[in-house]
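So that you can tell them apart, the chains are marked A, B, C and D in the order they are listed, and the count of residues begins at 1 in each.
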Amino acid sequence: MATHNIVVIVGSLRKDSFTLKIANALAKLAPASLKLDVATLNGISFFNQDLEATPPADWTAFREKIQKSDGVIFVTPEYNRAIPGVLKNAIDVASRPYGKSSFLGKPTGIISNSPGPLGGVSAAKTLQNVLPGITGPILGQPEIYLNGIGDAFDDKGELTKESLKPVLKQYIDAYAAFVERHHR
Amino acid sequence: MATHNIVVIVGSLRKDSFTLKIANALAKLAPASLKLDVATLNGISFFNQDLEATPPADWTAFREKIQKSDGVIFVTPEYNRAIPGVLKNAIDVASRPYGKSSFLGKPTGIISNSPGPLGGVSAAKTLQNVLPGITGPILGQPEIYLNGIGDAFDDKGELTKESLKPVLKQYIDAYAAFVERHHR
Amino acid sequence: MATHNIVVIVGSLRKDSFTLKIANALAKLAPASLKLDVATLNGISFFNQDLEATPPADWTAFREKIQKSDGVIFVTPEYNRAIPGVLKNAIDVASRPYGKSSFLGKPTGIISNSPGPLGGVSAAKTLQNVLPGITGPILGQPEIYLNGIGDAFDDKGELTKESLKPVLKQYIDAYAAFVERHHR
Amino acid sequence: MATHNIVVIVGSLRKDSFTLKIANALAKLAPASLKLDVATLNGISFFNQDLEATPPADWTAFREKIQKSDGVIFVTPEYNRAIPGVLKNAIDVASRPYGKSSFLGKPTGIISNSPGPLGGVSAAKTLQNVLPGITGPILGQPEIYLNGIGDAFDDKGELTKESLKPVLKQYIDAYAAFVERHHR
């Protein structure tokens, strides 16, 4: 069985963000069929159509990373009832030039989270509206909105909240099957 | 009658963007009770919670500009069925620190646009979900989704599409009355 | 001080719905300046443009109830990440004929709830997209997404969850001030 | 090659609705691998959890129709920037009992329309938020928001707008390939 390379896009720039820790935990929980590459968005500059003729190196590198992948998982916090600007900007960058989205055909996962009760569901809903025109198929089930994430990790960033492990494991296994099916 | 100072936030970085031209046209059409300050988002760096203790000067300047205003109008294109990342980032910046949004209490307008037929309505819908928790009241009517904007301006950026003028004039007059009522 | 008559629209048909119990609790907590009329949606038939020439009596009665009110509060559960069909239908009915929405000018509140953790926030988000074109101003703050509502009431439907009382009281007081300001 | 039976759900009750005409046009344009069953929503009563123990015959019939199908296409107008209440109610009915959605596993298409310019895109966006947890995979591309639909049909309901034919043909062919792939 081939190993599929999956880019996990981290929607927060904070160094110790829960979002990054969730992405790292996913990478450890993933089955052997997936190799997860956790990608932070530091250094990806703002999309500006004026620059498209000679795109900045950071745009090109991010686009190529996505293009070479076999799938993409978005892990995101919720800022103001939507995805953070930094994540939307990275999507804008990789979706261009128009009609040539780097995400096209990539099987796609969406995982939102919050320290509070709402689980970042409004961020996930934003992605459900943004992605259908520019990615491959989006995994619909299980739905996953991770709430109460504030006490889930230890000082070293290791996942210690036992109740969360099967939730993440179930999701990444479902995503692995989804990718398998897509690339068959 | 007092003059109210309104910041018009331009959601596109493109130098000759239709969005900027619409903002400039609004500034000319506004009644005497409003003074419109058209603000582009160049140089506002990405929100990162790690920097909040000593915020970058560009954050502080943008927050102060909003705080000193009597109202805010968002003019935005639609990127991938939502607002551009650059605009969401500026909102994230000005909405923080948590609970101290610079937009609080400011009467707010939303104007979306697109060269195509859809008028950027999905960008406007995103703002309707993002703003209620962090701004003042949002003008609901008239609804305004400007489509076919590609041929509306001449080489100097002047609004020449006659059918668009009364649409913008009706909106800015309604917004002026909304601001008057709010600050009465 | 005048008493303002407010229609509280209950988005669930279930006889013992939490949504109805929340509406009843609000009515008891409301300040003297508001008189809340809790309205269930039983008997409001499906909107069908073909019937508009001679509208059913149930449409006319609901429209008149809204028109005569001084404001409207929507209390809603979340069905499938949006408002229930029965609530959307009632909104469709009262929003017509086109351009003559019965909700026009009515100060509007939105309260979502769920037995689970998400608090019905996606239902509230749907209403934020649906209502701006057809109602009066919408109260933005405090945001209110009531979660864990399953154990909040006793056998007689009385609110017994102490932590919920100040949340509802804060909301209805803020709404009362919003209505006062609007009708001043 | 097997023929796949697809239910086309019509989101408007109006007898001569454009939505119904579009559904009928799709049925004629569909390739031989698909048999389209155009389903209107007349007679499907309101969802009410109290009735679930002994569900009305109209609920059961609709659920069975969906369960027996090989896929579902939603064709919908936009009412008040979302799907009509009648369509949301039918989705609520078929999504229950909880966890036993009749739509589960069914490859799903979404087609919105409007006589005006916006093409019902906000209705499509609502469905993108509602369906992921309760259906099979959702076709993302081509995106299809049919605008200016008011002059597309003759007196007998036949599609006469030439520019619309290839748009619908492209969509139904893409959906057929999507269903083929899913059921392979």
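Structure notes:
Note that contacts are C-beta pairs under 8 Å (C-beta built on N, C-alpha and C of every residue); 3 or more make two chains touch, one makes a residue touch a chain.
Values in this document were obtained by computation on a predicted structure and should not be read as measured data.
With respect to chain B, maximal separation of chain centres occurs for D (centres as means of Cα atoms).
Chain pairs C-D and B-C differ in how many C-beta pairs are in contact, and the one with more is C-D. A rotation of 180 degrees, rounded to a multiple of 5, brings the CA atoms of chain A into register with those of chain D.
Computed from the mean C-alpha positions, the centre of chain B lies at a distance of 30 Å from the centre of chain C. Taking each chain's centre as the average of its CA atoms, chain A and chain C sit 36 Å apart. Residue positions of chain A with contacts to 2 or more other chains are 81, 122, 125, 129, 131, 133.
Contacts from chain B toward chain C in the complex involve residues 125, 128-129, 131-133, 135-138, 140-141, 143. Chain D makes touch with chain B in their complex at residues 81, 117-119, 121-122, 125, 145, 147. Residues 12-15, 17, 46-50, 79-93, 95, 122, 126, 129-131, 133-134 of chain B are the ones that touch chain A when the two sit in their complex.
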